[in-house]
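As structure tokens, the structure follows; a few thoughts come after it.
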Amino acid sequence: MGKSALILIDMINTYEHPDAELLIPSLRKALPHVVRLLERARARGVPVIYVNDNFGEWRSHHGEIVQAALAGPRAELVRPVQPDADSLFVVKARHSIFYETPLAYLLSQLDVDRVVLVGQVTEQCVLYSALDAHIRHLMVTVPEDAVAHIHSDLADAALLMMERNMHATITTAEAVELCVVD
Amino acid sequence: MGKSALILIDMINTYEHPDAELLIPSLRKALPHVVRLLERARARGVPVIYVNDNFGEWRSHHGEIVQAALAGPRAELVRPVQPDADSLFVVKARHSIFYETPLAYLLSQLDVDRVVLVGQVTEQCVLYSALDAHIRHLMVTVPEDAVAHIHSDLADAALLMMERNMHATITTAEAVELCVVD
Amino acid sequence: MGKSALILIDMINTYEHPDAELLIPSLRKALPHVVRLLERARARGVPVIYVNDNFGEWRSHHGEIVQAALAGPRAELVRPVQPDADSLFVVKARHSIFYETPLAYLLSQLDVDRVVLVGQVTEQCVLYSALDAHIRHLMVTVPEDAVAHIHSDLADAALLMMERNMHATITTAEAVELCVVD
Amino acid sequence: MGKSALILIDMINTYEHPDAELLIPSLRKALPHVVRLLERARARGVPVIYVNDNFGEWRSHHGEIVQAALAGPRAELVRPVQPDADSLFVVKARHSIFYETPLAYLLSQLDVDRVVLVGQVTEQCVLYSALDAHIRHLMVTVPEDAVAHIHSDLADAALLMMERNMHATITTAEAVELCVVD
């Protein structure tokens, strides 16, 4: 099966961007599934990696990204999924979780060859990250009930692209297998 | 001249690696020159960017790298150059400051086209970073009294390589020009 | 407006892959529009860059890719768009035209800041390349009648994603502006 | 031991650059050792990969790089090491053999984990390529009699840096082990 890592994409967020109103209803549905996967991953010792936009804040050592999100108007969307002491954290500046980040290096150090992508936005960062994982020969799983979208039609197309063109496993959060050994 | 950024390489450090004993005497000499450049850059509004190894700590949002260094046995080498509220911070996992980091993106966002490299180690990360800057068409300045080495013969060769093959300006900290406008 | 380059994606092809039968009808429709754009670009002195999969052939100095396509069963789809003496050629090994290729460097050398993407496959390489252009702050134009798809529903979604999320200009081949000066 | 590939760096060359006069005497000494390694690699079925600057020629499908070098004033330095039908060829635009090239991908496809670097220039492209191999966790061997330098003092320092800081095996061409199995 390969060793898995659970990747939370852009879940540390103040939700102040223009599309937030379209996104949040979808996110509210996905959130309990993300939380459940997070619990399972932590219980099994599967690496949990937050890959998060820095929102132009380049002083990530101050924990500003997490604090700003927890202090923001949408803290209830952040608190259930906040990092714990074992969480790994990679800051990204652009869309894909791999673009100019050390994520590929971190995954190789952890011997991970399958990434389970959850978070947002299905038809944007999740799609781009699935592509960039596939191009690097990593296997991809996307639980469709644990990713949130802005436009449902584009999200459906994105999930189909991931399955058909990037050989991703599209499944449900409950059915995701989290593998700790090769 | 081009707009400058001051880059502090691996200055947030616990100095527990095997070569620390060879490095520290050179670092003690360089430290006041780094501090003086840091003061000048802050006074002039020149961006100050810490690019620092994460030492395998992938939870950079906790400020662990800075705290660990300040709590370590060599805090006196860290305290004078610690980040302030305006400092930018990029975490690297490997030698070069550009390899799988968002530094190139950050510099382009800041319109920086000249990097002033200080810190350590002259014949290792400083050399590699100068090359990776040059390959990306950034101009490079290295004040030779503000970089620290492990082996002085290799450091001399590295400075010569940077000057001759990477067209770097090798100068003194005092003579460094910090440009804020194009 | 910015200086343009016309990018032909994977147009040098033997069309022996499993999806070729689905692709070719769409390609036949796109081909005359690609040819017309190619003529206009050549007439105006706009750089024409072929970015093409090497199909596992790593001996690209032999011109094998072009020769194999011209000698193949689908030469009539290749001959009208074959490179001329002024064409630039970048070999890619994976999906995106930017991934582990010198294309970004070539474009910066040519001072190009807008790429006009034509060729195949709309919902695969064209989409991925548009994203990778956008992430690098290049402007993107996609003439929708000069790109070919395998699945029309995914192609429509891909064009919408490019327009909405990557700020691409989706237009027709005839309406494409090819800019030679900044 | 790991599976090896023999990498010839910038050996396809017209030798018209300003430093050629300084380089050529060193190259003449290295050439027979490169030739001997090339013969051994071909005889054993070890992959031979030419990674070569394109000298601003972006039409590599025409075999222009090889033809120009063979037609140039220094053809006698090129003919003994020219590619054969089994040679692999990767074009680079900048110094390092890895920077914006598909070499890392090609090596992973070939399951190669040790690169044997020969060619030129010891204190420039060979040094930079050794670093970029090391940063990517590839093992590096450099036969010091099969690499050519411009400045012998910098070349000596470069070899020492590769050995000490990049854990490269510095040896002679005759002593190089070319491994075909893991």
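The chains carry the letters A, B, C and D, assigned in the order they are written, with residues numbered from 1 in each.
What we mean here is this: a residue touches a chain if its C-beta (ideal position, glycine included) is under 8 Å from a C-beta of that chain, and two chains touch if they have at least 3 such contacts.
Since this is a predicted model, take the numbers as computed values, not measurements.
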(request) Specify, for the interface formed by the sequence copies chain A and chain B, whether it is same or different in terms of residue numbers shared by both sides, with half as the dividing line. (result) same
(message) With centres defined by CA atoms only, which chain is the most remote from chain C?
(response) B
(request) Return the distance between the CA-based centres of chain C and chain D, expressed in whole Å. (result) 32
(message) Give the residues of chain A touching no fewer than two other chains, as numbers and ranges.
(response) 94
(message) Which category does the touching pattern between chains fall into here: line, ring, star, complete, or other?
(response) ring
(message) Judged by the touch rule stated earlier, which pairs of chains are there in contact?
(response) A-B, A-C, B-D, C-D
(message) Under the definition above, what is the set of chain D residues touching chain B in their complex?
(response) 94-96, 99, 123-124, 127-128, 131, 134-135, 151, 153-154, 157-158, 160-161, 164-165
(message) Show me the residue ranges of chain A that touch chain B in the complex, using the header's touch definition.
(response) 49, 58-66, 83, 85, 87-94, 100-106
